[in-house]
Every structure is written in C-alpha cells, then in structure tokens.
Amino acid sequence: MLRFNNDYNHGAHPAILKALTDTNDNAYGGYGLDEVCDAAKEEIAKYLQNPQSQIHFLVGGTQANYTVIASILRPYQSVLCAESGHIAVHETGAVEHTGHKVETLPHQNGKITAGQIEEAAVAYETSLIPEHITQPGMVYISSPTEFGTIYTLRELEDISAACRAHGLYLFLDGARLGYGLGASDNDVQLSDLARLTDVFYIGGTKCGALFGEAVVINNPELQKWFRNNIKQNGGMLAKGWLLGLQFLTLFKDGLYMEIARKADEYAMQIKEAFAKKNIPSFIESCTNQQFVVLTNAQMEALEKNNIFEFESRIDDDHACVRFCTSWATKQEEIDSLVADIAAL
Amino acid sequence: MLRFNNDYNHGAHPAILKALTDTNDNAYGGYGLDEVCDAAKEEIAKYLQNPQSQIHFLVGGTQANYTVIASILRPYQSVLCAESGHIAVHETGAVEHTGHKVETLPHQNGKITAGQIEEAAVAYETSLIPEHITQPGMVYISSPTEFGTIYTLRELEDISAACRAHGLYLFLDGARLGYGLGASDNDVQLSDLARLTDVFYIGGTKCGALFGEAVVINNPELQKWFRNNIKQNGGMLAKGWLLGLQFLTLFKDGLYMEIARKADEYAMQIKEAFAKKNIPSFIESCTNQQFVVLTNAQMEALEKNNIFEFESRIDDDHACVRFCTSWATKQEEIDSLVADIAAL
Amino acid sequence: MLRFNNDYNHGAHPAILKALTDTNDNAYGGYGLDEVCDAAKEEIAKYLQNPQSQIHFLVGGTQANYTVIASILRPYQSVLCAESGHIAVHETGAVEHTGHKVETLPHQNGKITAGQIEEAAVAYETSLIPEHITQPGMVYISSPTEFGTIYTLRELEDISAACRAHGLYLFLDGARLGYGLGASDNDVQLSDLARLTDVFYIGGTKCGALFGEAVVINNPELQKWFRNNIKQNGGMLAKGWLLGLQFLTLFKDGLYMEIARKADEYAMQIKEAFAKKNIPSFIESCTNQQFVVLTNAQMEALEKNNIFEFESRIDDDHACVRFCTSWATKQEEIDSLVADIAAL
Amino acid sequence: MLRFNNDYNHGAHPAILKALTDTNDNAYGGYGLDEVCDAAKEEIAKYLQNPQSQIHFLVGGTQANYTVIASILRPYQSVLCAESGHIAVHETGAVEHTGHKVETLPHQNGKITAGQIEEAAVAYETSLIPEHITQPGMVYISSPTEFGTIYTLRELEDISAACRAHGLYLFLDGARLGYGLGASDNDVQLSDLARLTDVFYIGGTKCGALFGEAVVINNPELQKWFRNNIKQNGGMLAKGWLLGLQFLTLFKDGLYMEIARKADEYAMQIKEAFAKKNIPSFIESCTNQQFVVLTNAQMEALEKNNIFEFESRIDDDHACVRFCTSWATKQEEIDSLVADIAAL
C-alpha cells in the first residue's frame, strides 16, 4: 500500500538524520540558546532580508498557532480567520482555550480577502456597542491553505495593507509553506512574508523535518518576551538544538525549497492524471495537496493499492478525498498511482 | 570543556538514533495512533503490572505537567506542591496560566510529607469560608525531586493514602524517573507508581531520548478524553511514532534502567570525590544530580575544565552548584572531574 | 420622550424599594448565607416542584452565563448555541474568555431544534478525528430568545431528550423569563424547566428587580461547589441578602408573574397597532420585545416622541427596530405610542 | 445581639436609599452610559485633581481586583502582593483563574515595602533564566490592609517610585479606602493616590453603599478598552446608573469622608476600651477594624451580646478576633460594647 493520505507519514529527510547522528556526541546549551540554532537562524535570515525579523523554533503547528495568537491579543480581542482555517476547525479549540474567540469569515477556496478584513474591521469600529462584542485584534491566514491553494503576492499586499490600516496584526500559518514556495504558480518569496506579515511560520514537520516550526516575528513590538510565552505554553524544547539542526540542514543549501518543489511536481502529475480522466477537482490546488471528487466505485478501485484521506461526502455516490505528496514521495509511487488512476 | 551542567545537553542514546534511521523509510499513521506506539506501550506495561493503566506520549515536561494538571482540576481547585516543586518555580507560571493556583508547602530536601498533605486537606475541609479560598484538588510531587532526592516506598504509600482519604488526586512528575529507579537507595518500582499514583510520567528527555515523556494514567476516571487535552495543549506530535519508537527502544530490553543506573554510579563517584575533600553537600542526593557548596576559589578552579550549574549564592565566599551526570556521561569524563576535585 | 428602547431603563418595582428601605436597619450575614435568601429560595421552590433543585443568586446575566458554562464544561468541550444566542453575540466573548468555544447553529426565529442538537452530537460521536475538534458538552438556549420568541413545552421536551440521549447538559438563559411565562402563547411553567433543564436562570434585572438573576441547578451533579465558582468569578455579592430580598418580593405573592403578564399585554397593543398599519414584524414575537420593519420616514416620525432601539439596516429605505415594554411601562405610555403609530 | 463582625452587614446609608427611591420613576441609558454616572465621576474627580484619571463603576471587590489585574498583565506576568493580601487569600484564586500567578512577599502588619518590591524586581531582571520564571508585571497593595493598617504618604511615594523605576504598574485596592482616609493617623489624600498609583479603587460596598466600587485609572495607557474588560468579566451592570447614583450621593457633599471618619472614631473607642483592660492588639490598627487577642473566657463573655469575627487560634487559651465598625454603627452600640469590655 502506498500512503498518500498526508504529508507527515514519514520520518525526515535523510540529511537530517545524518546531521543528528553526526552531532550526537556533542554537548549543547539548553532551551534553544546554542550555536546550532544561531546558525540556523542565520541561514533563514538570508531569505528573509529583514534585519528586524526574529526567529524562534517551536515543536508543532497547533502550539505555534496558539502561542503566537495568545501572545498578541488582549483579553477582549478575537482573531479573524477563514471558516476553513486550521485554528477554527482542527485544533480542539486551542485558541479559545487561551481565552480568545476565533471569528470566522466565509472562505473562497480556503482564502479570505482584504475586503472581508476591511469589512469586519469597519463593522467593529462603527459598532454602537463596541464593549459588548469581541474586538478583532489580528488576522490569521494560512498559505498554502487547508485546501492547498496559495495567496498571490498581490492578495497578500492587499491583506497586509488592510490590516495595517485598521490596527490588526497579520499572522500567516505556513505549516506547508515549502509547498507554497515551490508551486509553479507562486509569486511570493520569504522576503515578502517578512515584509508583509507581523508574524509567520515556516513549517518543518510537513516539509522534511521530524518536527519543528520556525516562527518569524517581523514586528519588533511583538518580539521582546516571546521566549517567555513559548516556555509557558510548553513549546520550549530542552534540547533546542534539535530544532536548530533540522532547520540548518533544510536551509543551508536550499534543501527546503528543492524538496518542496519536487513534491509539488509530483502532485501535478496526480492532478493531470485525474484531469485526463475528467475527474473533477474539489478545489483547484497548485501544491502538494490534491482534492478530487470520486465516485464510490473510483474510491474503491484506488483503495486497493493506495491510502488517501476521506474528506467529506458530497452525495450518495460521490465524496471528496485528498491525495498528498511530500518530500518523501518517490517517482515510482507516483507512477503507480497515476497508472491506477488511468485504469479507472 | 566537560559539561556537567545538566542532563539534557546531549542528543540521544545511539540505539535511538539507529532506530530512527532504520525506520525512516516507513510510513505510519499520525498523532500517536500507530503500531510503534502500541508496541512501546506494551513494553512499558510489563513494568507497570496494572491493567488499568493507560499510556500517552507527550513531547516535554512542562507540557506534561500542565496538561495533566489542567485536565484534572475543576476551575476553583488548586494543586498542592513543595515550594521547590518544578511547577512552582521553573515553568513560567504554566499551571497558573491554565487557571489554577499552585499552593506551596515547605519542603524537606525537596520532598513533602503525607502529614503536610493531610494538614492542608483538613484546613480546607474545616474552613469556615470554603468558597472564598482555593480548594486543593490534587497533589504534585516529583521523584527524583529538583534536589535529586527520592521518595521511599513507605513515603509514597503514606502520601497516596493521605490523598485517597481526602479525595485528592496524586500526580508524580518523573522527569528524571530513571535516575530514581536506578539509585542504590531506591525501593520503588514502576509497578508501585502504577498502584499508588493517579498519574505519573516517565521522563525520556533527561533519560536517554531526544525528547518525550510517557504519561501513565492509572485512574480510569481520568483517562477518557485525555487525547483531547493533549491536542488542545499543543502536545500531540503529528509524527507520534517518533515518541513511541524512542520509548520502545528504551524499554524493550531494559535499556532505560541500565543507562540510568550507570549515570547514578557516576554521580556517586563525584559525590565521593567531594566527600573526600570534605566539601559539603547542599542536600544529600543519591541520584544523578549532586549539589555541593563550593568556595569561590574552588568554583574558579573547577571551571577551568568543567561546566556546571550555579544554583544560588550562600554567602560572599560560598555558593551552591550542581553537577549532573546522564546516560551520555563517560567514565573518562568522571575521571577527569574527580581528578580536578582531588586537586582542589 | 418615552423610552421603549429596552427593558432595563428603570429602577425596580416599588415593592422592592420599599422592602430595601424597610430592612435597611437590619444586620445580616454575608455572601448570601442569610435568612432572607433562604426565604426567597423557599418561595421560588414552590414553583419549581423539584426537591433536587438548588438556587443561587447572581448579580447579572453575562456573569450567570459564563459562570454556569465554565463550571460545567471540561477544558476541551464547547457549548452549542443558536448563532443569535446572547453568549455568541453580546457578551464580549466572555465564554471564550473562560476557555471554551461557542459552537453556533443556524437559528429559526432565535431558536434551535432538537434535531440540530442531535445532528451536532452525532457529528462529534462519529468524527474520525474526535481529539482534533471541540467536543460539544452542553447546549445553551434562551427563552424568550433574543428575538422575543419562546420555546414551546414540546420543543423543550424534545431538546431535553436529545441532550440526555447524547450526554449534553442543557442550560436555559432566562434573562427575560418572566415575559415568556407571562405570554398568552406560553405553555411552559417553571416546574417544566426544573424538570427538563440541568440549569436555568430566572431573570430579575429585566423583570422588576434592580439587578439579580436566580440560577436554578436541577442536576445534583452540578451543584456541590457552585458557590466556589460564583466567588471565583466575582459574582458573590457581599450583601447577598439584597438579592434574596428582591426575589422574595417578586415571588412571595406572584408579583413576578403579574408584572410580566402586564408588560406582555402592553407589547401586544404595540404589535396590533403596527399590524393595523400593515407594518411588518421582523420576527413574530409574543413577548415584551417587538421587532418591526420601518421605513426611514416612519422611523423619523416615531422618533419625535419615542426612544426605541435600532437593530439593523435592511435596505436603503428600511430598518429593523425594537420596541420593548417592561414591568415599568404604563398604559398612558402605550396609548401615546399607539397613537403615534396610528398616525404614521 | 450587636453585629461587629464585619463592615458589610447593613444595607446602605439612608441618603442612598432615598436617592434610589427619588429616581425610581426616571428612565436612563444602560451600562453606565448615563448622566448620573457622569455626575458621580465629576464629584469624585474634584478629589482626584488629576485630569487624566478615568473612573469606572464595578459591582464588587473581587471582580474589581481580577478585572484590573487581568486587563494589565501579559500572559507570562505575575502580580506581586503581600502574603496577607486579599487576592492571595480570600478570592478563591480569582487572579490565578485569569491565568496569572500571585507572587507573595512577607508582610509587615499587612504591608509591603518599596525595598521588597525593588528586590523582587531586581531578582527577575538579573535572573539567568528569565523565561523560565514568571515576570513581575505589577504590584497590588491594599490600604487599609486586611489588618486595618494604612500606608503613609512616604511609604506610598517610595513604593510608587520603586514601581516606576522597574516598569511595574501599581494598583491599590481601596475596598475600605474611606476608613483609611478618615483615620486620624492618615496623611494620604485621594489626590495622592491619583498621582502615585496607576489604578486604585474607592470602595463603596463597605463604606456606605449597597454595593459598588469606583475604579480610578490614572495611567492613560491602561484606559482605552477597559469597558470591554468590564463587560467580558461580568462586571458591567445593565442599570449602571445605580452605581453612579450611590457614588454621587456619597461624594457630592463629602458624605463618604464623614461617615468613614465617624466609624473610625467608634473603632478608637473600642481600641481604648481594650487597652484600658490591657487586652493586647494583634496588630495596631487606626481604622475601623480592630484585631485583639482574647482569652477563651473573654471571648465567651463578649459573645453574650456581641457578634464578632474569629480570625485564628493563637494557643489553647487565646485567639485573635476582629471587631468592625462601619458607617451603620451607632454610638449606643459602641457604648454597650465598651461596657461589656470594661466588665471583663
């Protein structure tokens, strides 16, 4: 059986395991205050081109999301988010657990627009009862989104401008950022995110690492005591250099970009295979997640050799399912899947 | 320079790195629902001898502590704890952050007694204003403690009885549990903890793993939705098998016990070296952490070749410092340190 | 100018002020442990006919809502609620502030159905990823709703059955309960609420008192330490007898029912006046709140003599507005308003 | 029986009941946005002499304390407080419930010193592990304290200077402020508090009102969204003018000062009566609370005619008890008690 169900079903890129093994006899300082983390930050900083950006390594995505959000908001503030946003639907209410409402906006292919943000901000600003409702304090977006779509540079510029015009912080969840940067349609660079967002993170768990997310805080106001927030929220790894070492390996020679680009190419092969069979996409995605609408018979046929993720039932005979590639996907696995699709 | 400053300054036991490398091409289910975690739980269960015990793997200690505590207490309840307890002094108020007061009791060598717990419970039960004060809902102890001391079986039995008599849950933080189990003075087994506590955890981070703590919930009342708590608190690793694999490696052939026992033996060599020079212990410890009182000159002399941890100043000429061994310590490192001590 | 904008713009029924004055020289025990509160509870209990019900007096509605909800839910649980529910839209995220997600369901005239609750419960129970999403732990409804509509006995029985079938607690917000009990369409008694809900509250603030809500806990599981929750959430009035005295005054001779019934009758006069002019209701309400759709010209005309509440703009020429009666409304005020409506 | 057990066992000063009755037919805007609150603020402002001060009316003391504290602190911050402070010992962990640690300092007669604050601040600033411990973010003091003692102007100036030097906000709990202002030893005016603290509150509940506390925010940084915090924390009374009316009555002709001064004089008569009998004070208090050490026989004798509060047992034959006067105390009650004391 081949696993296309998600992008976190394998360990790590072999270069990371090698780095762990090579350094295993070394002793390091604790809690991320070590030379490996410093070196990793330097490598990432080359891409950011923003001398004000500050980098922290956290273990996982949910942790990164709620730690960032709770560190920014005041008690009476909420975070604006697409109704399909990860924090709204897949994190067990972790953000509400920190005391803050997640205010959802309708999404278009997983995305929200500057216009929607503007509208929500104005609605609060012009409310006759501002103290009786939650005050939007920040905007959360993810790119790639939960549907594999990505924001264009223009969209991000507009969102960033809307946020700044209304005093909202902008946070971008980049759990799958590599696959966004590697997409052929992409026109956004890390330096754009370092310029346009207040905080974003570069996903490691789904993009080649065993685990780990690199949180980048671009707004100096939000930087000073972030380590205290990390520790309080259980996100400060004792052996912090393990995070640094993984990101150093991924960023020092562009490995991060390279493996993501390849995973995207594999995804495009899957996409084309479905297209050739006139099997419709649920949402058009240019990244490593492909959502298609299959008949029950098609699902059954593909399940013989492949594991993929059931998303939602559409009608009695159709369902939306997800096929993922990752840094671990191999061409022969794609060939096998493509053949299975062709045989439908 | 030799690092004796803590027990989390090296990667992992080589067997763990080998296991990671050997399994790196495998694909697993996510979030700890995989066969490796199942196998690890089976190995640990052999030691527990309590068919009711349930095991969960979390990433780190602070996370394990507050997730367990917050999952148990009702909003108006507090946790009783030695004033030297890790949750009281070294976790950035993570427990308070979940909404609960940490009520501290004076410690004796890092430990509290059944009598103190009894007294605190009775004080609440007989309070004339119970709704105006926090209600003790559970007891937190650590063994080994933050001073390297350990509870005896008799002490644990008394504490457990006091807790049960007063409706308090008992939680034991075993971040350094291996070093307690491996101490020559120890008379407590994992099966005792599975019998006497409601929850405890087996530390991996400080005892041979890259990271990870195995939380054991013995009280069935506390088990049902614990995974929801883990996820909400950011403790659910996407690649959960990485935790299972480490604990499987540590427990399948008794590696965990073996490496801790050796670290304790090394610590005894350090202890003896200081004793020979009549350098006083700050607190008598039988585990891998040794706290001694050095003069400024002695500190300076030892700092030439060794890194150790400054704890607190005692007077102008004396300070308490800590020397730690770990699973990574080598006999030649001990020999070097012992020679340095002998030369004081 | 006559104020029809809300039902909390006057002090208290004169009988309450008289009772306060008459008892002002008495000394009482603090924090609600006094003979006046006891007497008030006895009077209310006569209506409840449930010997298990326990009564507590809190100061206000938002406080009652979040204190009850937070006292019931476990950290990973959410509360189900109509999207128009007071806790979802008018309490500054107070429930989220206690750590819990408010999961909204589409409303029908402010109400939700047993079927919707059933569906949400089953969705959770059959989820493939239960630990990644919030778990419904209770249902919040209000009656009268925020639109003045009320649940029928049959609807409440169905909702209660659905909740019990799925292990959900049922909480009814009765901030305007009097006006529901007094409505000519009503077939629900306090004893029904004491039988069908786990917790509900009897609103005082909007129904004749200066302030105060009587929380009735019918489920014995939820009773034991509720006073601790009240105190911790700032809801325990030092001079608790002030609350008891108000509810004693309202309940000892049926005053509560009487004044609410009269306010509802006044509201019906307003309703008829609009109906005669073919001015449409926004939602059909049988209680003291009337929502109608006015043209801009009609609004302007009525604003000459009357204060009413703007709710929402419907189109360029129409808006939804609210007219409220209360225990303080007088027939001559209604006559004046009715004449103004007739003159439109 | 005469009640000297506390200062909240009677309703309100008759002038307040009269004002409530006189205005009961008026209609007002909701939530504290009304002309009565405005007038009350103006009267209080005359005493403050600080044009930057902003005033809010809350219902009770615990609510005022945690709402203010939670509105100020960042998640990882703690509040410094005397170990006898009300928030540390009598509020059911309400501050921890908002997520913040209360860090206690040893008290001297209920008070802490600028030196202690300085020391705690420096300890944090020089900590080698600042992210592992809670960061003091503010200082909470009460005056009069829980023992009836008061801070001198010099002490407050020193504390204020220490706070400002170390970036700590200063919050003074004035639940019994009137009795402090009215003490013959007092050299602190409301204008001093408006100058030296960031926030303080003027207690109404214990000083003549039915209920209510006037929170004064002097630091403009802390003002902007405080109403949102009040609402979210359940402290926004729908009929807000009830609070304004009480404070207007208390402040417009100096009634607040007058009634407190008289209560203090009565307390001095009690104090002298005990002194004449050589019955020791537990702590020397110049305000309305008197703590004395009685023998069991003396307690029994005084309990015949009087209700007073048991505080703590000192030894088998002695206990500390509290006698309180209040705005409601009458000279004949004092005469009776003094006679009882003389007869011991």
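A, B, C and D label the chains in the order they appear, each numbered from 1.
Please note the rule applied: a contact is a pair of C-beta atoms (placed from the backbone, for glycine too) under 8 Å apart; a residue touches a chain by one contact, two chains touch by 3 or more.
Here the structure is a predicted model, which means the values were calculated and not measured.
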Chain located farthest away, centre of chain B as origin (C-alpha): C
Decide which interface, B-D or A-B, involves more C-beta pairs in contact, and give its chain pair. A-B
Chain A to chain B: how many Å between their CA centres? 34
Can you check how far apart chain B and chain D are, centre to centre, with Cα atoms defining each centre and the answer in Å? 42
Two or more other chains in contact with one residue: find those residues in chain D. 75-76, 91-93, 97-99, 131-132, 228, 231-232, 236
Chain C - residues contacting chain D, complex: 3, 6, 8-12, 14, 17, 20-21, 23-30, 59-63, 66-67, 91-94, 97, 205-206, 210-211, 228, 231-239, 242, 328
Mind listing the chain A positions that touch chain C in their complex? 75-76, 78, 89-93, 96-102, 128-129, 131-134, 310
Note: in the complex, chain A contacts chain D through residues 31, 70-71, 74-76, 98-99, 130-132, 135, 225, 227-232, 236
